[in-house]
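In the two assemblies presented below, chain A is common to both, partnered first by chain B and then by chain C.
Moving on to the complex of A and B:
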């Protein structure tokens, strides 16, 4: 330890240093953006407006309706679809994945189906969804459902399947029956991995929703982005993209928080967020 | 559990003509060949043998976690049936439930048996004290050292009052100092509570120190090669393992057992 100084990149930072580094990187990015887009800065504001113009666009979106709805209503529309599709997928995918991880025969029956489904990009379902359900909310919920159910099932299956068999042996010798082993040992031990699956699923659902709104929507963040690009309102386009990014990141953080609450014993929680 | 040793005709656990063949992709693996071993009530039997000779397999079969290819396991003269709290197991890898605290881990067997809350709490507390774990009752397994985790696993196996305690190299994953402490702890346990134990190890020293009887297995396919009784009143029983291992009688037994194992290793 004393003989070699650890490099800056490998030293774990304190809370304040961590915050300073995070803020620093954002400030540098904004600075570079502002510098390049200032008058005579090399990038035309038609391609990339300066930061203050994007902020203006944001304030405008907040105060006045855009494309028939306020920004809040657009966000709510997106959230409603993503939550409906994701939760419905979880209602089916979580128990199905657990069953596939626990019972070999369930795996034999259902796994091939999901192996075929997995490589089909969720967006490839949009044309079919439009034919079946029209350009409406249900088409988008359907596409989100498809995008979310594959990771729900696959990760839940993997979480249960990869439980240490020795834990099951230990439970058996202590007198637990199959049901007690499944609920008290397997599902509880798998909980952090199950939540991780839910998180991946939510991430998938979110990106797919935004893409679906580009094609089949009358409101929502993706719909704003599409229209703004048609009318060359790059500021509004960037605001929509930023909100999509921030909300996506927020979901991820919330799901990590959920792990910490439902599985306070999980080792993964001990390491960074 | 009684404190007098039963020398009756029926053993507490009787391993009768147990063979085991695994079908693997590379062909059949004969792990065990007609093993016979009777363990009396209150007896501490240690099984030693070269690595890979089938010790763990024998224990899994004794626990009811694995089915024998031939032969059977009797407990009190009756077929033992599937795994259950009659024969609890302490594994080398602890196998604690990571989502449960120390107290919850220990309570597991009582909970699944439907023991009521008050009785459960009483017995868990008693067991925590007995294994000197009281201050860790609310810790999670990953917060404990290996030695502490293995204490919890032992407590969890004992709290359900098994007829037989099976231990498969329980100290194999521990560092030397922790191992010594736990060896002495288990010696104390078996002295005070007179448990019936089948204990597997590859440490001859551990075998002589803990055992009433040491069973040497041959290399694969594992057979019972020789049984060596350790006098109950041996002088080193009261000593710690460091002192015990320099007693002449101890050294003599150790040498004898080592010679048996060595020929098996060479034979492989």
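Moving on to the complex of A and C:
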């Protein structure tokens, strides 16, 4: 008997058991949430409102404008800043990283600068951005850019740098010139790591944007969250947090799909970072 | 928060990545000179926008000696470090055992995965407003943000490290008569230790970065608070001193951890890819 009990705990569950345990844990959690927050349940609704109140808040957010914009407009405002900052960082960071991976001297010059700047958290740039650019969209784009550029550069450099020298020699032997090697051999081989860099960079950009919106914004999901906290609308605050989380997860999934499309041979698909 | 994705296949490196220091030093010196020149030549950059490097050094000395917004620079740094230490200690204390359990007892994984994934994608800073509601502008609020930022890296890397332990080792231990406790403490943990340590390093750095964000929004002390006060007082030199201190302390933490890792775990690290 003892061995059978132990073997259950030491064996990975099958697909159906996995789903069942998953669902079970979600049901138990929702049940506990509902039970503890019911009137007289021990947790005040000011600390954590019951699930149906959060659902109500979500419906309210969907149907009526909050803080001057609809939920769609708030999401669009956040997305616009994140995309602008992330793409701008990619436009600078991707070529810079590839150059640093390919030319030794470019790496020698630029890498130490990044090493010096990297320990400063992107969030610490927010006050500087506000003094320089004011509480506007440009300040947020600037901070997102700072957060996004480091993974863009570092991963591109690493991707190009760690290409198998044998591939380059083979291409040289077959008569390829420098440009052909860089575009057809190096960038092609490095593609999965380049996309991985883009994914990490997008994750950083999103995380940082939320912080920037807590400090300098007049719309956006972080702005909703902070205001809801000030007016004690915890339901709305939780909805904003959930949307932030879902969008973050969505970015990650989309970038993994992109990897699968542009580099179907890569084994990075299974990994999540 | 920054992770370098490892190359897809592990191949022998061509050369160590550290370039000759001369080039790097020259580049940084050039930037410093450029900074100084831009502020020294009148009409290029206003001192309000970017003070000269010497102003920043002077401001550093002032902040170190005099109180600004409640305490000296060291007081603010100590406040930040205390909160950070509380948060990461709890994160490591809970995260590493949870990671071991998840890897060791597979049926626990589906029970925890839905919640864990749900919370993992909510950035630590999105917790700031609700943490303020729950605990006010207190040390608990800041430590909670640090904990949220540090916890996932501990769990994920520990789980990966433990799951990677070669099953031959486990069977060998079993054959030699080891029970579950002995196998865990004498075989699994030493093999997984480098991966666990990598997780702790990422957790420490994530926690430090998140703390700055939390301190910008709430609190009356700390380095994040210092730079937000610099912003309110329109003092770019104060902001720069704060940023440099934050960066230097973050780098110092990581260097110390690397040393500790080499001291404690001299054996070769597992080929785990760090996950942030």
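One rule holds for everything that comes next: the second predicted complex is superposed on the first by the 240 of 273 C-alpha atoms of A that agree within 3 Å, B and C clash if a C-alpha of one lies under 4 Å from a C-alpha of the other, contacts with A are read in each partner's own complex, and residues count from 1 in each chain.
Quick note on the criterion: a contact is a pair of C-beta atoms (placed from the backbone, for glycine too) under 8 Å apart; a residue touches a chain by one contact, two chains touch by 3 or more.
Predicted model only: the values in this text are computed from it and were never measured.
Novice: For the combined arrangement obtained by superposing on chain A, do chain B and chain C clash, or do they fit?
Specialist: Partners fit side by side after overlay.
Novice: Which of the two partners, first being chain B and second being chain C, lies in contact with A:105: first, second, both, or neither?
Specialist: Touch partner of A:105: chain C, not chain B.
Novice: Calculate the angle at chain A, using C-alpha centres, between the directions toward chain B and chain C; round to the nearest 10 degrees.
Specialist: For this superposition the angle at chain A equals 90 degrees.
Novice: Considering only the touch criterion stated at the top, classify A:210 as touching first (chain B), second (chain C), both, or neither.
Specialist: Touch partner of A:210: chain C, not chain B.
Novice: Quick one: is A:176 in contact with chain B, with chain C, with both, or with neither? Answer first, second, both or neither.
Specialist: Once the two structures are laid over each other on A, A:176 reaches chain B alone.
Novice: Once chain A of both complexes is superposed, is A:62 in touch with chain B (first), chain C (second), both, or neither?
Specialist: After superposing on A, A:62 lies clear of both chain B and chain C.
Novice: Is A:164 contacted by the first partner chain B, the second partner chain C, both or neither?
Specialist: So A:164 meets both chain B and chain C here.
Novice: Comparing chain C with chain B, which touches more residues belonging to chain A?
Specialist: Touched residues of chain A are more numerous for C.
Novice: State whether A:244 touches chain B only (first), chain C only (second), both chains, or neither.
Specialist: After superposing on A, A:244 lies in contact with chain C but is clear of chain B.
Novice: Using the superposition on chain A described above, determine whether A:155 touches chain B (first), chain C (second), both, or neither.
Specialist: second
Novice: Which value in Å is the smallest Cα separation between chain B and chain C when the structures are fitted on chain A?
Specialist: 10
Novice: What is the shared patch of chain A, the residues that chain B and chain C both contact?
Specialist: Correct list for chain A: 164, 267.
Novice: Which residues, counting only chain C, touch chain A once they are in their complex?
Specialist: For this pair, the touching residues of chain C are 1-9, 11, 13-14, 17, 19-21, 23-28, 31, 49, 104-107, 109-115, 117-119, 121-130, 132-134, 180, 208-209, 212-213, 216-217, 224, 227-228, 230-231, 234, 236, 239-240, 242-244, 246-248, 250-251, 254, 273, 275-276.
Novice: Touching residues of chain A toward chain B in the complex: what are they?
Specialist: Residues in contact with chain B: 164, 166-167, 169-177, 180, 184-185, 188-189, 191, 263, 265, 267.
Novice: Which of the residues in chain B end up touching chain A in this complex?
Specialist: Interface residues on chain B, with respect to chain A: 63-65, 82-85, 87-89, 91, 93, 95-101, 108-109, 111-113, 140, 142, 156-157, 160.
Novice: Hey, which residues of chain A end up touching chain C in the complex?
Specialist: Residue positions touching the partner: 6, 8-13, 17-19, 21-22, 24-26, 29, 46-47, 104-105, 107-113, 115-128, 130-132, 150-151, 154-155, 158-159, 161-162, 164-165, 192-193, 196-197, 200, 204, 206-207, 210-211, 214-215, 222, 225-226, 228-229, 232, 234, 237-238, 240-242, 244-246, 248-249, 252, 266-268, 271-273.
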